[in-house]
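Labels for the chains are A, B, C and D, by order of writing; each one numbers its residues from 1.
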Amino acid sequence: MNATISFDSVLHVVLALVGVAVFVGLNGLLLVYAERKVAGFIQRRPGPYEVGPQGILQAVADALKLIGKQLVRPDRADPLLFWMAPVLAFFPVLLLFLPIPFSPLLTGWDVNLGLLLILAFAGFNVLALLLAGWGSNNKYGLLGAARAVAQSVAYEIPLLLAVLAIAFQEGTLSLSAIVGGQGGMPWQWNIAVQPLAFLIFFVSALGETNRAPFDLPEAESELTAGFHTEYSGMGFGMFFLAEYANMIVACSVCTVLFLGGWKGPFLDGAWWFLAKVYGLLLSMMWFRWTYPRVRFDQLLNLNWRWLLPLGVLNLLATAFVMKL
Amino acid sequence: MASIFRTIADLWSLVVGLGITGKEFCKPGVTVHYPRAEVTPEAAASFRGPIELIGLDKDPAKPKCIACMLCVSACPSNCITVTRAPTPKPTPEELKAMAEAEARGEKPKKPAPPKAPGTWAYDFSLCSLCGSCVEACPVDSIGFSHDIYMVGTKREDFVFDQLARLARKAAARKPEPKPAAKAAPEAATAPAAPVAAPSEPGTATPASEA
Amino acid sequence: MTPDTASVTPDVLLAPLDPAYLADENPARTGLRWSAFLSADALPRAAALLLEAGWHLEDICGLDVREGLMAVYHFDRMTSPGRLAIRVLADRETPVLPSIADIYQGAEWHERETADFYGIAFTGNPNSMPLLLPEGMQGHPLLKDAAARAPLAALLAAQGREDTVLRKAEGFTLLEPAEDAKPAKPAKAKAAATEEGADNA
Amino acid sequence: MHSTETLRSHGPACPAASADGGCADDQIAGDGYTCHFEQGARPESLILNMGPQHPSTHGVLRVLLELDGEYIVRAEPVLGYLHRMHEKMAEVKTPAQFMPNMGRVDYLHALAWNWAYVGAVEKLAGIEIPERAEYLRVITCELNRISSHLLWWGAYLLDLGAFTPIMYAFDDREMLLDLLQLMTGSRLTYSSFRFGGVYTDASPAFVQGVRQFVPHLRSRLPMYTALVTENIILRRRIEEVGVIPQDMVARYGASGPVARGSGIAYDVRRAEPYSVYDRFDYEIPLRHEECSMARYMVRMAEIEQSLRIIEQAVESLPDGEHMHPKAPKPSFKLPAGESYFAVEGARGKIGVWIASDGGKTPYRVKLRAPGFSNLALFAECARGTLLADAVAILGSLDMVIPEIDR
């Protein structure tokens, strides 16, 4: 990391955080809308349609509604943990955006251990889910929290292995350096060299972000709403925002590591980055509205019996090739 | 080992699934955007909505009903209340005839109560649309309406005065320019109109009938 | 279940239990193939025999008749279908029947339902909670007023059944027409009781 | 739903409160069912109330679960939240007045219940039915069976976490409902069979619509298979889950696809042939795996077989009356006697037993609901499975709560 921390760099980070907060907020609205539209189109119905043209303001209306709602805490819930959980779910995510290079100029904080920073702070999410499930003193919440911890811990490992393979290959943990190591053409991206790592990373990212088909902590048809059963209003809204923010982070990192970041066949810039991120986000939604949910033991089996060995093999192969 | 390869082969089904939902994504929607669009009247014609009275051929505002009460007893949910029309006061001629008959020592012929209902109330909130009354009616004076878009905001909205409803319907059907002209633009601008939401759905002429 | 047990007819099967009455019915008229009257004590043994012979329990119907409370067990077979109705009469004052839930586990719910509706206690049923009616509800909704009760013969021994009596114990009079074959006419004042299902006349 | 620990009870005081650690805190005692259930629980178990408001209990079913982690130690369904005492209503209404109730017992296959009641009355009173009406009954009942299976398919996938299939199913079901509306006038709680026939005659539009619908649905079924049936996630979720051996079917009196998924070729249409089913060429789908997937496959195959029946029935639809000229007036009196009539519903054997003493209203009507017996085996079937499996098993039994509660 930068050894000297000047006033300028702190100001830069603070400004970046504000920018990230705005970005996440707007994207949350956009993604909620997009998710519902995608669901609608896949299911041959219009999706949100009434608020604004093509229902574009639906997400805003929903956000206003959530903000306006009374905050309700169950009688026997732990007040501290219950309210800490949504805050803890949402705010650390903002930090994750700092090292992400949207373009060479548009980087919040270009640290050379950016990847490490993201992986470290990503762990906060599971803590939030655990607190939410435990603190709300609800059995469904507890089951959801237990699932969240087991799932999160398990899927972090193949995720790391996939990331490590790229780090090995590029010899750096700085995200902008990783992008710099890739070319503009699709065959110059890391996905062409490391397709298996990409697959492992993407599947693990689905698991880490609790997205279908791995949405077990929530698992509506089994646990009603899992860890956030007792949350309403902005308590729920925070979890909701955090989910989408996490998705963006996962897709951004995926773009940086495997899809060449801001680079494209022509006109390099943030638009390439965003296009790739939204492409990945759309495919995440596509998965959600196509597949049934896996069972918990299958989820862990997939991880421990498939992703983990494959990740290790991939890492060893990478190391071997790099050594050559 | 074989199971490993089978599992990998089975993963292909996930790609197939994505292909199907992806294809459906590109197809146009199949839902009807009520209230901008409504089910066609032909599609609604077979729908058995709340019952209504059927008017006489020569006077559509008067029901065929003869107040025989068969529908009332047939109804499993007691949602029909019919009273007979009051016996009219004898006219002077009739009074004269009665007096004459009495003078002759015959039994005076009093005017019979008319074979028509005085009130015809129908509580749709109790009705199960079984059609027992329609089947029971000996003069085919009860039929199903085809109003599939009926709404109401309170329970009382669904207690209909069927005689008034029939009269309104007959008035709306008459080729008099006033109500017809009023109804026509309403139907034409139906999408813009705040959906039927009439405080008294009984009065709303269903789109299929208009 | 072997093929030969599947073809054993209930009259042979139930013979060791000495049913008070056993008839070969005309399915076209009643939908039943056989009907039998058993004593309450013989019921669990009958159930065990039937389960072994491949019968399954369709339902248990309570019935409130003048002679007392009756439970009708409908059995059927998956192979070689044919319905068997086993009728067991319980005393009205202390309606107790043995449970067959340990033999036919599916009977547990049927028995609890019958207990809800008629107040028949099934001794040995593993769950004493009401099934369909709320906890703590007083009364049993399908019991009839004394005046509305029909004699069993009026229900089950109607003309044209074309059943063939295969066994009939000495002194079995349940299906003999009562002196007043017609059910008692409920009094006019019973109009209010129509909710109770009293209006049978 | 709230667990008992987060919900203050307003119910009767728990008899077991603080006695054996079951309901330790008298302030938060559950209702009688919970207390009764907790008495047999191990102290380290978690008691979970699934329902009566839970996304995958399909209505107001409540299942009490004793959990060890996510494994189910014991399960007990609690019924009665939708109990309407149909059997009592049957005793106070004339048969004609009771008919609308039959559309509301099992709203997904209402016409099968229509048929069971009409059949029992017709058998008891010796009412004849014209041939055309029999054909129309077969056509509409099979259409209704398909619509029930389609909805089940969608809802089951919803239970398993796939949100899209139900919308595709509804797309096709919508056409079915349009067709059934032409015949019955309503879209869900049909009441169109009458003693001695059917309410309305088939219009040419109906016949034409059915002719078009059969190939349409056939062309859609491969998509269903590719999207869902062959999906590896689904297969892993429901294969070898919820095994119901044949002896369990017999002990609980299960029927319908539950029995046929366990390799028992029992279908009332074949076992006690009624109406004109013996004139059609169709198969009874049978699977021997005994698991949820087997029941799934049986239902999917039944859709195809129903299409076959409909196709043949429409082609050979005879001319004639849709109501028998000697059909009784609605106020007819039932003769004394008893009759039992069974039909094959989408969920299994539907039976109606009527005992009459010759009065205007039946003396006793018993409704045998297939879902009642099918659900009864859930407790035994779910023992030792995971919570997610319980959802899969519950869905594979295809419950319709109003039918079970009656």
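The definition used in the following text is that a contact is a pair of C-beta atoms (placed from the backbone, for glycine too) under 8 Å apart; a residue touches a chain by one contact, two chains touch by 3 or more.
Values in this document were obtained by computation on a predicted structure and should not be read as measured data.
Q: Treating subunit B as absent and keeping all other coordinates fixed, how do the remaining chains group by touch?
A: Once subunit B is set aside, the chains that still touch form a single connected piece.
Q: Could you tell me which chains make contact with subunit A and subunit B both?
A: Where subunit A and subunit B share a partner, that partner set is D.
Q: Between what two chains do the most C-beta pairs come into contact?
A: C-D
Q: From the C-alpha centres, identify the chain that is farthest from subunit D.
A: A
Q: Using mean CA coordinates as chain centres, what's the gap between subunit C and subunit D in Å?
A: Those two chain centres are 25 Å apart.
Q: Just the number, please: Cα centre separation of subunit B and subunit C in whole Å.
A: That gives a centre separation of 45 Å.
Q: Which whole number of Å gives the spacing of the CA centres of subunit A and subunit C?
A: Computed from C-alpha means, the inter-chain centre distance equals 64 Å.
Q: Roughly how many whole angstrom separate the Cα centroids of subunit B and subunit D?
A: Inter-chain centre distance comes to 31 Å.
Q: Using the touch definition from the top, which residues of subunit D touch two or more other chains?
A: 164, 168, 171, 227-228, 231, 233
Q: In subunit C, what residues contact two or more other chains?
A: Not one residue in subunit C touches at least two other chains.
Q: Going by the contact rule already set, what residues in subunit B reach two or more other chains?
A: 14, 17, 20-21, 24, 30 - these are the residues of subunit B that touch more than one other chain.
Q: Please list, in label order, each pair of chains that touches.
A: Going through each pair of chains, those in contact are A-B, A-D, B-D, C-D.
Q: Going by the contact rule at the top, pick out the subunit B residues touching subunit D in the complex.
A: Interface residues on subunit B, with respect to subunit D: 7, 10-11, 13-14, 16-17, 20-21, 24, 30, 43, 46-48, 73-76, 128-132, 135-136, 144.
Q: For a test of understanding, state which residues of subunit C touch subunit D in their complex under the given definition.
A: The contact residues of subunit C facing subunit D are 27-32, 51, 54-59, 61, 63-64, 72, 74, 76, 78, 81, 83, 85, 103-106, 108-110, 117, 127-136, 141-142, 150, 154-156, 158, 160-161, 182-183, 194-197, 199-201.
Q: Report the residues of subunit D in contact with subunit C in the complex, numbered from low to high.
A: So the residues of subunit D in touch with subunit C come to 11-12, 31-33, 36, 76, 78-80, 83, 85, 87-88, 91-92, 120, 123, 249-254, 259, 264-266, 271-272, 335-342, 349, 351, 353, 355-361, 363-364, 366, 368, 372-373, 376-377, 380, 405-406.
Q: Under the stated contact criterion, what part of subunit A meets subunit B in this complex?
A: 38, 40-46, 49, 286-287, 289-291
Q: Going by the contact rule at the top, pick out the subunit D residues touching subunit A in the complex.
A: 1-3, 5-6, 8, 46, 48, 54-56, 70, 157-164, 167-168, 171, 227-228, 231, 233-234, 236-237, 386-389, 391
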